[in-house]
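What follows is a single structure, and I will ask about it in a moment.
Residue numbering begins at 1 within each chain, and the chains themselves are lettered A, B, C and D in the order written.
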Amino acid sequence: MFSSEDKFREECGVVAVYANPEASKLAYLGLHALQHRGQESAGIASSDGNTVFVHKAMGLVMDIFDEETLLRLPGSIAIGHNRYSTTGDSALLNAQPIRVDCNKGMIALAHNGNLVNANEIRSRLEKAGSIFQTTSDTEVIVHLIAQSREQTLPDAIADALRRIEGAFSLVMMTRDRIFAARDPRGFRPLAMGRIPAPDSTRADTIVFASESCAFDLIGATFERDVKPGEMVIVGPEGVHSRYFAEQKKQSACIFEHVYFSRPDSRIFGRSVQLSRDLLGRQLAREAPVNADIVVPVPDSGVTAALGFASESGIEFRFGLIRNHYVGRTFIEPEQRVRDFGVKLKLNPVRSLLDGQRVVLIDDSIVRGTTSRKIVRMVRDAGAREVHLRISCPPTISPCYYGVDIPTKDQLIGANKSVEQIREYIGADSLAYLSLDGMRVACGEGETTAYCTACYTGHYPTEFVDVKDIKPAAGLVVK
Amino acid sequence: MFSSEDKFREECGVVAVYANPEASKLAYLGLHALQHRGQESAGIASSDGNTVFVHKAMGLVMDIFDEETLLRLPGSIAIGHNRYSTTGDSALLNAQPIRVDCNKGMIALAHNGNLVNANEIRSRLEKAGSIFQTTSDTEVIVHLIAQSREQTLPDAIADALRRIEGAFSLVMMTRDRIFAARDPRGFRPLAMGRIPAPDSTRADTIVFASESCAFDLIGATFERDVKPGEMVIVGPEGVHSRYFAEQKKQSACIFEHVYFSRPDSRIFGRSVQLSRDLLGRQLAREAPVNADIVVPVPDSGVTAALGFASESGIEFRFGLIRNHYVGRTFIEPEQRVRDFGVKLKLNPVRSLLDGQRVVLIDDSIVRGTTSRKIVRMVRDAGAREVHLRISCPPTISPCYYGVDIPTKDQLIGANKSVEQIREYIGADSLAYLSLDGMRVACGEGETTAYCTACYTGHYPTEFVDVKDIKPAAGLVVK
Amino acid sequence: MFSSEDKFREECGVVAVYANPEASKLAYLGLHALQHRGQESAGIASSDGNTVFVHKAMGLVMDIFDEETLLRLPGSIAIGHNRYSTTGDSALLNAQPIRVDCNKGMIALAHNGNLVNANEIRSRLEKAGSIFQTTSDTEVIVHLIAQSREQTLPDAIADALRRIEGAFSLVMMTRDRIFAARDPRGFRPLAMGRIPAPDSTRADTIVFASESCAFDLIGATFERDVKPGEMVIVGPEGVHSRYFAEQKKQSACIFEHVYFSRPDSRIFGRSVQLSRDLLGRQLAREAPVNADIVVPVPDSGVTAALGFASESGIEFRFGLIRNHYVGRTFIEPEQRVRDFGVKLKLNPVRSLLDGQRVVLIDDSIVRGTTSRKIVRMVRDAGAREVHLRISCPPTISPCYYGVDIPTKDQLIGANKSVEQIREYIGADSLAYLSLDGMRVACGEGETTAYCTACYTGHYPTEFVDVKDIKPAAGLVVK
Amino acid sequence: MFSSEDKFREECGVVAVYANPEASKLAYLGLHALQHRGQESAGIASSDGNTVFVHKAMGLVMDIFDEETLLRLPGSIAIGHNRYSTTGDSALLNAQPIRVDCNKGMIALAHNGNLVNANEIRSRLEKAGSIFQTTSDTEVIVHLIAQSREQTLPDAIADALRRIEGAFSLVMMTRDRIFAARDPRGFRPLAMGRIPAPDSTRADTIVFASESCAFDLIGATFERDVKPGEMVIVGPEGVHSRYFAEQKKQSACIFEHVYFSRPDSRIFGRSVQLSRDLLGRQLAREAPVNADIVVPVPDSGVTAALGFASESGIEFRFGLIRNHYVGRTFIEPEQRVRDFGVKLKLNPVRSLLDGQRVVLIDDSIVRGTTSRKIVRMVRDAGAREVHLRISCPPTISPCYYGVDIPTKDQLIGANKSVEQIREYIGADSLAYLSLDGMRVACGEGETTAYCTACYTGHYPTEFVDVKDIKPAAGLVVK
């Protein structure tokens, strides 16, 4: 059960379509399927062979695009981008795709991830006379491409990508080609798919997307992941692959499996559903509890909770109901209703909880305040005992690769012991999954190795100066 | 898991608040909790003791109301109403609450249900010179109140309510009082709750709502159901109850338990969650199947599926993921994607379904077209066998009491045998729950008796001429 | 130069179209031409022979209607209505046309004017059991029609119109007919026009509108005014006329000539342009002044100023420029700019005013505050002398016939002598046109006699109790 | 009477405010006063000393900005920009101010005018690795500033301005300074004004604006024009002036006096009102006519018509009424109303025109189609003769300096003789003002010399290749 929650935010989801008469419409549907990866803004660029068009705006994909806006995105090539939610209209400046005119022609680019040497490059480029119109780290990539001395565009892109450090799954387009690339450590997912041509006179449609669930909606078949360090080029001459850099030690974001990706997606060569099920099962083995029912914190805790229930033999129950109508702003009564914010989203089912010993399954504790309210809510609904189980280790460190995690001083896991956290949130017991347990559940070593920096503080890249690095452009501290 | 689906539509949800300085804000929150009962329009009326204000508009509660509109709804008394979605702005004319000026003063009224003698009364009133400004059956009620020869307002309301036939759970307000009433057969739910006063100098806040889940959000405690035939009057003199008519044989809408109400609500004296769990368990007993996993059609089939899984011992799995971002209008590619409409809302989890024998649990089959697409989608995702189980009997007859069910010729259950339906939807097996099984699961006879007319064609009220009766005002034939 | 000013407000403009395949589109254009008569809300009702459709909303005609909304107003008959601006959405309840179902069938009605016995009738109707859903006096008319014992609709309408007192220019429609009527005193204008059929197989289109300028835009020819006490009925049988009441002494609103109507309109059998020109000329004769330039307060004072300039031989100059982009709400700096509100709308042309003796021509002084600011502004721009001339007598009394004039205590003309007013506004001299001068200029006795109650306090109708009468529904006290 | 017409379009209006606690609010009011210079989009940038904020959007100033958006533009320095209307959301990319980060810090820039060597510079910059994110010529200016090797920002700006050719009136801001500059030929106006500080502890507010009418609204006093070739720098150290280039032969846009600027503005050291009055008087002398009335085509022809009337002694009459409610899109009936488009905006006053010999005064003929319709409309209203007089010479050549004039093949003046034009538009006589007459009327040689290229085809700048030059970015061919 993927989530419209906003516990964590990631920038972003990307999609690309090559050689389809309805390219922008397929991009739009793909973005819709990836809506959970970013709800702030969305954009699509398309090309009719002569011009690269672009339309982007604040809001949800389905609110931004309609028949009319899609008509203004003609052509058979398109890329799209979803971005997460911050406040303020001016954030439109940072919406993607970014489209530029440069000596390599018209280029549009959409980026998922976060660069760790963007500030350094930006500062160097500015010194040399470049101007920056956004606050996004993505803008440095187009500058590097434009300034590359390589003669061909593929070479220039490869040159640029070698100069950036950090997490990037990119889709790019010119008037007649799509380029898709992933950083050499493979932080963020990016998959390639195919829609077979209706007849032999036409070429297959090639598509790229952050998650395979986007393929399902548009009738495309998953073909393979773009490899770390690989750049796939799709054009009139067909599909070509090259490596712009050697693969480094893999550091796929394990949090994609734990929280971000939709369970119906396949990422890093593995089903998200499977990983979450095993996270729950492993948790049941590591931290068993005598209880009557297993209750997930919906929507993101559901799959792990099912795994926990199966493994433990304790009945699974939807003891908390999620209200999907909740929007951005909500008006609170002045006479405070206790835990109002959580109540707007979750309502306990008293008939299920009353008198029960409850195992509550969630996928993370950030500051602890929400968990505390949920535990209290479950207790208020009559639960006799509330045991909280978290399907990953304590989050102790921010992410510099594209996930919006608060700074250390705001992370309860970085500042309190598990027992102290238990006490704070008021649970009868609390347990986190072990780091090794999490790795095993997510198939560490089978198809990839994982970045677990947010649980360990060990970052796979070097930083010139950590303090200078923005954890994520537009980071919302919570 | 309550639903934002639009398989069936009901008019509507109602809420009322007496003696709270933030009456309209509480009404607004209550309506938000009842959003699943109607997404077309919403409205709130409030009184500051002198004037009855009203604001209503098309759309969702959270889009219609903001700080500014709530400021224009001052006072300590309020009622609110949600209505389901049809097309066209002019439907605003039918939005509720209806506010009128008449010889009994200013009255505002919100109505959940459907009258079966509205046309007859309307025609009689028009002959006598009344004018009608809406096409809603609710308007006849205020005419009847205005024209009653009874001297007091409670007597006039009682007089009016005795003249109408059918389903009505009403909340009404004047400048200084709330009236809440339910028809003598008790078709639709209506509950009373209480928010204790912060100190002894102030009176408790009395609230009414279609479902108890509205109380949870605003911090109210469920007190009791309004009884069939009862009118509860809340005013400066306190809470009073009277019966405007004798209770008739109870005919509570069983579909509220099967589909409409939120599982975290308590209606007709019974937890919805419990009913749905038992529906699933009973279904497992009546129609067992050899299979590997139980998969619900989300969101409405989830609770019954959990019951089925528990009873059968087959593993429960979220094999279909629901996309909660789906809005009203969506643009389909011209080159049809097979089963596009269903794919927008549901995506199969291939890793769960592949190679499995699947029991799919849903709460109804209307025309069969959607079920057919879902079965096909599950099979396309690799399921070896697909067994469909429905947690109620075949729907064979429209509802005249407030649920938007298509006409007989469009109901597959009214026109085909179960085997024919199975063949049409392409399942390996298909079974419905029995009528008796459904009744037992919903606690028939314990706290109420049920109307099951949509499954039997036996209606608890008489009709002068069925053809003349609009099944529901603004009925959307699907 | 008609005005987008909001010094005075009137309800409203009406239009009707019979037998045209684009009836609602012509109604829309007619309403656009009449936009100056009401900017609060607008609505159109149309009939395709079976149903009367209606669409109304808050705002300007061009913002409310587009291709899509007009498509939902099919058929060859339509009526439309503009209403002036108050605050609050709930005013939508009072928007017109009002459409009702009654024993005479479906009726839609649009009304310009104000009834003086509406409260009395309403109270009587309420006592007899009628309910009122709006606060508009127009609603009583449809009640009276519905309750009339006359057998035919024309007779019932005539019966109803005989029972109401005050100002009314009405257009009404059923499924297949248009009715247009004016009160026996002829307070408000209403004209009939014709668009010749494109060929002999089709009938001419008959149109009605508050002012003839609406005909110009839709290519219709002015035919004649609807007569006081007359009801014109247009239907399949052609155009018929009858008198529902004897004409009384005429009391056409002289303020329509002075201020409201567009100068390119012909009302009460006379060109508005001509009246205004003569008002200015008469003013020059009655109150001559030694000055260098004549400057109008735009837009409404322009025509009279031209007359004044011609008659006096003093040069006419646009010394005040009006900003037509001004909208509803405007943000004022906290450090007050002097006379900010007036400056937003008017800017003095220093090069014209500097060192000059200026005759400023305006069409009224209401509270005096705006005139004071304008005089100061003109002086600040360098004018040596500022002589204010008003093209009508002092306004001393509110209007009960459809014009939104403040109450006596707010009218500076009712509370101060001319010399005191001059002193207050800071002009070097001030003169108003005489009552007789105004009458002569507007052609009193030639084609009609005028109501001048706002200048004299002598009202042409009787009132049961003046205090009970609302000057205008939704009156905005300024 | 300035105009909301769209005969010609210019980019744009600019405004700047230094050292005022309500800087962005004053910028907003200034933009409102300059709304006639551009209705497509508007934007404001402000600085609180640390950051440069920006908000821009499509639409009118009063629709884009409200209390909330202005709150997000804090600080005591601000610049603003209005741009004219084209279609398409993507034009938002071209909205100004442009804000960039570069080696000179944060800079925001707003530009009125058009560069003639922008393509050449852009192409050179792109070759050197610069990227362009807009299609506006303004973007090259910021690139040039960023790439300048000058050490200080003022030097770098001066360096950049020396490299660009064409028309530019610029306002620029950094975190703590305002820069205002005009090209050495002085094509477009730019004035400096001052709001005296409320007390001696505070500094005066310095403001800049395209036209002095913006000063009137915010209570500022006109101080002087920014000189051609001058850059005025306002910062903590006070107001400083320097010349970045020698003044060249002046070529102030004469069309600002003829059409664009508001008559209440003072530009190029001269009152616009005065110029227009003299244009009309000169026209009366050059092309006298025996007629009964002088009628302006409102709004832009009004002042010249008054001059014509004064000089000729023929009566001035508002024979055409302009409807100021006209918006962007309007729905036309399918059965064409003759000259519908013109009728929406203008309506003839039959009572004035009937039987008269009319001199119609307009300020230009572009394609001739509109003039033809207006002449026909005046004739249809009964005019016996229609003599058209144009207050400038025939427009025969496009503008490359910021005015949106169609290409030569679309300009009737470039392709037909005056007699042929007269015949086409159907006037009884037609005369244009002579070139010398226009120059004299606008004070040629007194305070400035004028560019008259659109009347002569003689351009004051050189072009590398005229074909390559875009007449105006986003040119709308009509």
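Basically, a residue touches a chain if its C-beta (ideal position, glycine included) is under 8 Å from a C-beta of that chain, and two chains touch if they have at least 3 such contacts.
Predicted model, so just to flag it, every value in this text is computed and none were measured.
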Relative to subunit C, the most remote chain by C-alpha centroid is chain A
Note: subunit D sits from subunit B at a C-alpha centroid distance in Å of 60
The distance between the C-alpha centres of subunit A and subunit B, rounded to whole Å, is 36
Rounded to the nearest Å, the gap separating the Cα centres of subunit B and subunit C is 48
Among line, ring, star, complete and other, the chain touch graph is ring
Each pair of chains that touches is included here, namely A-B, A-D, B-C, C-D
Given the complex, residues on subunit C that touch subunit B span 53-55, 57, 69, 72, 88-90, 92-93, 98-103, 122, 126-133, 135, 142-143, 146-147
Within their complex, subunit A touches subunit B through residues 1-2, 4, 21-22, 25-26, 28-29, 32-33, 35-36, 60-63, 65-67, 70, 198, 213, 216-219, 262-264, 266, 271, 273-274, 298, 302-303, 306, 310, 315-318, 321-327, 329-331, 333-335, 337-338, 343-344, 347-352
